[in-house]
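Shared between the two complexes below is chain A, which has chain B as its partner in the first and chain C in the second.
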Partner chain A sequence: MNLNTILLLGSIIVPAVGSLLFFGGFPKEDSSIKKLSYFVFGFPFIASILLFLNFDPTQEYCFEILYSRMGLQELGITFHLGLNGVSSPLFAMAGIIGFAAGISAIHSGAERLRLYLALLSIMLSGLMGLFASVDLFFYYLFHEFALIPTFIMVGLWGGRDRRGIALEMTIYLTLGALISLSGLVALNVMIDAPKFDFPHLSDALTQVSLSDRSAYNIFGLLLFGFGILVALFPFHTWATRGYDAAPTSVSMLHAGVLKKFGLYGLIQIAVPLLPQAAECWSPWIMWLALGNILIVGFVAMAQTSFKAMISYGSVMHMGYCFLGIGVCSTIGVGSAVMLMCAHGLSVALMFLLASYVRRRTNTFEMEEMGGLAAKTPLLACFCLAATLATIGLPGFGNFWGEFGVFLSLGENKEHFTFLILAALGIIISAVFGLRAMAKIFFGSESQEFQKSTTYSSVSDLCKSEILPATSILVPLFLIGIWPLTISHRIDLEIGQRYAEFQSQSSSFKPSCCPDSEESTEEGNTLLP
Partner chain B sequence: MESYLNFAKDNLWGEIWPELTLCLGALIVLAIDLFANSSNGKKRAGQFAILFQTILFVFHLLDYLLLRHTFDRESFSGMLKHGIHQDITRSFFLLSSLLVSVLAQFFLHTRKLRIGEFHHLTMVATAGLMILCQSQHFIVLFVALETVAICFYPLVAFDRESPKSLEAGMKYLIFGALSSALLLLGIVLIYGVGVNPEAWGATVPNTSYADAFSFHAVYQLITENSDHSLIRTGVVLILAGIAFKVGAAPFQIWVPDVYHGAPMPITAFLAVSSKAAGFFVLLTLVNGPFSGLSEFLLPLLGFIATFTIFFGNLAACTQKNLKRMLGLSGVAHAGYLMVAVMASMILPGSSDRAVWILFFYLFTYLLASFAVFGVMTIAKVQNDSEHEFTDYEELLRKVPWAGLTLIIGIGSLAGIPPLAGFIGKLLLFSVALEAKLYLSILAMVVGVVISIYYYFGWIREICFHPRPVFEDDDPKHDVWKDADRVGFIKPLLLSLLFASILLGIWQGPLGDAF
Partner chain C sequence: MINLALSLLFLPFVSALVILLFLRAKGNLASLVSVFTAAGILILSLLLLFNSQESSLVWNTTWFTMGSWELRFGILLDDPARLLLFIVSFVGLLIHIFSLGYMESDPARPRYFGGLSIFMFSMIGITLADNLIMIFVFWELVGFSSYLLIAHYFQTDEASQASRKAFIVNRVGDFGFLIGIVLTYWTFGTVNLGELADLADFSPSLITTGLCLALACGFIGKSAQFPLHVWLPDAMAGPTPVSALIHAATMVAAGVYLLIRIDFLFTEQALGLIAFLGAAMGLYAGFCALVQRDIKKILAYSTLSQLGYMAAAFGLGAPGLALFHLTTHAFFKALMFLGSGSVIHACHHEQDIFKYGGLRKRMPVTAGTFLIGVLAISGVNFLSGYYSKDAILLWAYNFNLPIFTLLYAGALLTAAYMFRLYFIAFEGEARSEHSQSAKENSLSMTLPLVLLAFLSVLGGYVILYPFNIGSYFAPDLSATALLPHHMWMVVLGTSAWIIGLVVARKLYAQVNQEDPLSQRLPGFFEICQSKLFFDQIYSFYVNKIQDPFCRFMEVMELLFISGLMVRGSAGVTALLAMLAKACYIGRVHVYALWFMLGTLGFIIYSSGIFE
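Right after this comes the complex of A and B.
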């Protein structure tokens, strides 16, 4: 055990222990609750950044921790933590967003704050564990760890119609979780690997060959299971309603981090392990992803509530990640990872800022705002930056992600349709994003807003509000101007993992999918 | 005389010492109750029962762990079989009956019911259950089953003041008698063919057994005559009788009514011990005497499993009464367990993986069920039969420990990770997949998703803000008054809660069996 592994383990255990303390009613006074929660949310933040910096991309897994007698060892399930090139940036992202969400929760003034913080720190513990676990079972278990508090938190502190929405989310997400679980169990049973993690599974696959049919079915289970959890197009209805109703910190963590679970699973497990099946499913993935971009995008344009618009916008941008995965090339998948990081940060920032706007205007309805920039210039700056990031303009991480996805689409003539249609999405998101900015911050104040501010003056951001927003905006900006910070390690990892993939897929044409020319000449570098 | 001595040499009474001791304890409880004059003395009978069962449970565990009776052996001329599985079922029943006794002690005291008889009947029923799972002979099986059933009839109708309880007792009596009749008819059909195969046009087995009731003889008979229509009818009738006991569709009709009316500890006893016993017996039968028929039985069981899962879950969705809901959700669990039984038939021998998974599942079910029924027992609902969702509003805020126990219990029943119930379901999935039971897995996935609706509906009541109260509402009876003063039940329930969480995260050495 060296310092790094302690940090890795600590970033999972500290929030878990913190939540136990909160549940047990340990710090009695409000001030010490706040101090403790600064530590609980701050530790993973600092640990994740240190681990991000200490990461050594030449190793397969850094900072490994292995305990092999957790109980299901006969199924090959072990408690195995570690970070690789894909999980390390996502782990850092989880730490950053967790910190911002925690700080905003501490100052949210929610009723029963102790319970709120307890549930939020369980969620954070699960999120950190999700990206840190190498073992696929614990990867799933940590996801559920993070998911279950969300139901309770939506139900307890949510907005309008929270009881119904909490139930709807629970049922929908349980369905997704169970489908993906059956996919994972099928992987476990059919590829009888000595350990249930990616390297062992892919080793075992070289010896036992999975029949095309079962590979196809398993991939389908994983795709739709994960798809429900990630809000892939026809299964996205829970997400938009859920984020709209959820309290801010939960929206941030769920939309920003937790939803990346499914994409992460597809990228780390499903596609590299079952490449032929991935190609068979790739048209499905891409058409459904277009559904996300265009249909959900148009719905986002029609929203009048700021938060609902952000919810739909976040679901819409998931489509680009799916497109990147659907292309099945190194650059496409790598850009999808990049976009996942950037999207997580920008969406979390948007939800955070929406709650600041709401605190000042007492509404999410954009028609009832206006001219806020004159009173709160700093908030307007932050909001504008976040919006530009979401749209995907250069200067923020999202740009590189989306750019890479377009590049990968452009590599293949067959994907031109997708390229053109997906590019339309940029216009759509620009329309709703910029229009929202115009309505909220510029123009003249609406009558309702004037009325509501006659008795209380509107002040600009205070320190406790600037801290979380900055902690998200800085990394987002950093990726935007210097993408090599994360692209290098993603590139190495994906290049390695998908190198075999490309040779396999070009030599082998499974019977279940139509002939398609898959050529990725300029393979292994992510950045031009 | 010589032959008699030889015969009696096989009667290893020492092998069934836990059952004998338990019966002795039951008699002592009755005696204490008989000679006690004051109500305090009557209460002592219950305290004795709890203490006695705790000691017996510990001794049995020690006996098993230290002496390691892992080899299979038979006694009483092959009528009983002892081995590791039987020892585990014994511990299961002892633990369950201990928990029932603890809950009952509180329940009987608050509802002012007779104490001694209740504990006596529970203990005798448990002894019967333990024998039932060791039987290798249809007469022993039937007698043990009837011992259990006869104890259960009065227990279900124990609250003689309550019409619901009496109604439940009546229904249980009628359905129990019907199921026993079916079982007996099945046994008789097989016996009829077994004693005189030629008369029924069946092949005579090579090795003949003197006793046509013994499982070995039936196994021989069935393997030789697997397509004989009378034998098939007999087997189906026997399975129907057992399906009644476990509450598998289409024989689940009695479940909600009986659970609804029975006193709370007995509902728990029925839900856990009675159902588990049915599954243990089913497991012995389909992997023992009936294994020659597995090709015929598999589609049948598959249909029963799917039907049971869907019926239980869909019917539970509409229930307003929690006891009925739990009954129907128990029906759904019977369906899941049926899948494990099928897997054990498809994968014979392979280190009994399916059997161990079934045991694990039942054990997690025991922990979760008693957590849930335990909290329901301490709820001071005016009428024990009528537990409504609204009685549990904001329990997490009113009595945090009870609320948390209930949430964890329900979550474990629903199979929410990281609780023990989830690991049970995961293992069940994996073994079903290994056995290639794809349709059953589909049914299970859909069933679990449906079950979230009613389980989460209950959790929602426990956690979330209550509905607004209106002025013209009837004044509500405070269900959770003095919920902290429940004595020993509180640490007990908290340890169940802890066990449910622990087994969800760490199974340790248990896992070597999977």
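Right after this comes the complex of A and C.
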């Protein structure tokens, strides 16, 4: 056990122990609750950043922890933690967003703060564990750890119509999780791997060949199970309604981090293990992803509430990740990972800032705001930065992800239609992002806004608000101006996993594959 | 040498960061930091220009890798880059100095000067970038700084809308540019400009019209050419020095610069199209400028028309002439914009030229320098515009007569609307209180005017340009000098500005608050005023098609996905539950019935009827 592994384990255990303490009624005073929660949310933050910096991309898994005598070894389940090139940036992202969400929760003034913080720390513990798990059982278990508090928190602290939405989210997401679990179990049973973790599964797959039909079906299960969890069109309605109603910290953690669970599963498990099946499903993935980008994008343009717009926007940008995965090339998938990190940070920042705006205007309706930049220049500055990051301005990480996805679409002439339609998204997101900026911060104050602020003065951001926003914005900016910091390790990991796959799939066309020619025919003729 | 180039690039970036982080509330300090940065940029770029021995400076390092795609952050300082670097740093410094006076009493100076620094950073980035993706990165960043600076007076609805419009219309252009870059990468396997040039030479069959037109979309958006020109006149909502720097001298010219950097990728058809669009723009914008009342809008349309000249020159195969016109245009248009800024500042932000009048006596320096600008842009003999514009006209005359006709008509209009502006604003009697009380501005505002006026006079003499700066356009200019019909062109060119002057004199020497053209030629006036309804068409699209479509999609989503699919499946479940519940209503005789049915079923099954 060296320092790094202690940090890795600590970033999961500290929030878990913290939440046990909160549940156990310790500490008593409010001030010490806050102090303790600073530690609980701060430790994973610092640990994840240190681990990010100490990461060695040449190893398969860094900071490995393996404990096999869990009592489940009969089933091939071991407690196996570690970080690879894909999970390391996502782990850091989880730590950063967890910290920001935690700080904003401490200062949110929510009722029953103790319970709120306790649930949030369980969620954080689950999120940190999720990206650190090598074993699939724990990967799934940690996901449930993070998911279940979400339902309770939406139900207790949510906005309008919270009970109904909490119920809908619970059923919908549990369904998605179960479908993906059945896919994972089916995979394990079919190939009879000695252990239920990533490396062993891929080893086993090289020896046992899966029939095309079963590979196709398992991939389908994984795709739609994970798809529901990532809000793939048309399974996205839980997300837009849920984020709109959820309390800020939950929206941040869920939209920013937890939603990446499904994509992470597709990228680490489904596509590299079942490449031919991925190839067959690829047109499905891409057409549905276009649904995310275009249809959800248009719906986002019609929103009048700021938070609803952010929710739809976040679902829309998931489409680019799916497109990258659908291309099944190193550039596409690697850029999708890049976008996952950047998107997580930018969406969490947007939700955070939306709560700041709400604190000042007492509403999310954009028509009832206006001219806020004159009173709160710093908030406007943060909000502009976050909006521009969301719409993919160079200088923020999102640009590299989106651009990489576009570039990967150009490789194959069949994908030309997707390239054009997906690139329309850069205009759509600019339209709704800048419209929101103009309505909230520019122009003159609306009458409603003047009325609602007659008795209270509107002040700019205070220190406890600047800290979480900065802690998200700075990394977003850093990967934007020097993308090599994370692209290098993603590239090594994805390149290794997908290089072999590319050579296989190009020459091979399985018989089970449904004929997908008609969907991509136009691409050929359009290309000059 | 490379350290010099890199520090030149990152100096304004650091300045913007410093202003953002530490000087948000310190206007004076922020403006000084920004101005000294601009001065530093000029010094560094002069050092760079005059110290570089090799013909072009090339350097790069890995910026981003993903699979087979490796993007390098690189610098390519070749002939056109040297020239643009000089223009950007020189005009940039003068405009920074002018801003000191113009923005004197503005409380939001830190934001303004921070924005200028970001702009300088991204513009230098475009100038030095060695590959298309890097150009695209800085391309978007200049768009962002333009957005930020147009939105400077964000409390007004005009600025709020104009900034958004500028960004989104540019995004539409960038959409094509982006697709062009992706296609270029997969066609040639690289986006590096040097490698692309070699490959294009080596295998010209790879070049296609679709590819280069997609790349030219970037130019159409940024240089505000047809049909994406609508954002530029609105962008005048920003502070006037910004209009001078970004929306006249440098950023909008970056589109032309992009074309020049990738000129080897263009096919005949694409060049023809660009030349035609440019020439048509030169004429169209001239008509629009003729009926505007807002001094900045006149200049904005004039910028559109001059950009059209550059595009036409490029399209006719004379990129050197395009860049030469870009240079002289940067001088005289910056001069006139700053002159208009000086007037606007003196007249308490009144922008209607019919409310000026008689400013020559009250603001002699501004009026004198402005007149030089007007003469230069109209192509008066031996001033800078004469050489650059008439070179383009002569080239067009020899190679493409229809385009020449359009451009020549544009030249007539240019002289007419520029003299119109001058006569109405500076001559005659004052027509409002503001212009009556106008006074000449301080030195920080007049000094840049005088310097730019000098350049507007002398900028046409190629011989005055040091070799390091003027080496790109020199060959094309010498080729133009050898073309036939030279004298004939001098006569035509001279008569163009004289006709414009005479017409303007006759129409506008004595005006009151009304535009005389609206009485003499009301039909023509109306057509020009309508600007061919582009804005109406676009706003019709946004308000009547796009917005209802979005709302329709929202309803459809609610109805089909949220409603039918999600709620529907919940409803089906609930229905089944209700049916099941109906069996348990809590009455003994019903349970007895179920019991009887069950027993009956069991007996029938066990009796073996089904086997």
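In the analysis below, the second predicted complex is superposed on the first by the 512 of 528 C-alpha atoms of A that agree within 3 Å, B and C clash if a C-alpha of one lies under 4 Å from a C-alpha of the other, contacts with A are read in each partner's own complex, and residues count from 1 in each chain.
By our rule, contacts are C-beta pairs under 8 Å (C-beta built on N, C-alpha and C of every residue); 3 or more make two chains touch, one makes a residue touch a chain.
These numbers were taken from a predicted model, which means no experiment stands behind them.
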Which superposed partner A:G71 touches (first chain B, second chain C, both, neither): first
Chain B versus chain C as contact partner of A:I494, first or second or both or neither: second
Chain B versus chain C as contact partner of A:L141, first or second or both or neither: first
Touched partner set for A:G159, first chain B, second chain C, both or neither: neither
Most chain A residues touched (candidates chain B, chain C): C
Touched partner set for A:L388, first chain B, second chain C, both or neither: second
Partner chain in contact with A:T170 - chain B first, chain C second, else both or neither: first
Where chain A meets both chain C and chain B, residue numbers: 171
Parts of chain A lying in touch with chain B, wherever the complex brings them together: 69-75, 140-141, 144-145, 148, 151-152, 155-156, 162-163, 166-167, 170-171, 174-175, 178-179, 181-182, 185-186, 188-190
Chain A-touching residues of chain B, taken from the complex the two chains share: 411, 416-418, 422-423, 426-427, 429-430, 433-434, 441, 445, 448-449, 452-453, 456-457, 459-460, 463-465, 505-514
Touching residues (chain side chain C, partner chain A) in the complex: 20, 24, 62-69, 111, 133, 136-138, 140-141, 144, 147, 151, 154-157, 159-161, 163-164, 167-168, 171-172, 174-175, 178-179, 182-183, 185-186, 208-211, 546-547, 549-551, 553-554, 557, 561-562, 565-566, 570
Residues of chain A that touch chain C when the two form their complex: 168, 171-172, 234, 236-238, 241, 295-296, 298-299, 301-303, 329-331, 334-335, 338, 371, 373-374, 377-378, 381, 388, 393-395, 399-400, 403-404, 406-407, 409-411, 419-420, 423-424, 426-427, 430-431, 434-435, 437-438, 441-444, 482-484, 487-488, 490-491, 494-495, 498, 527-528
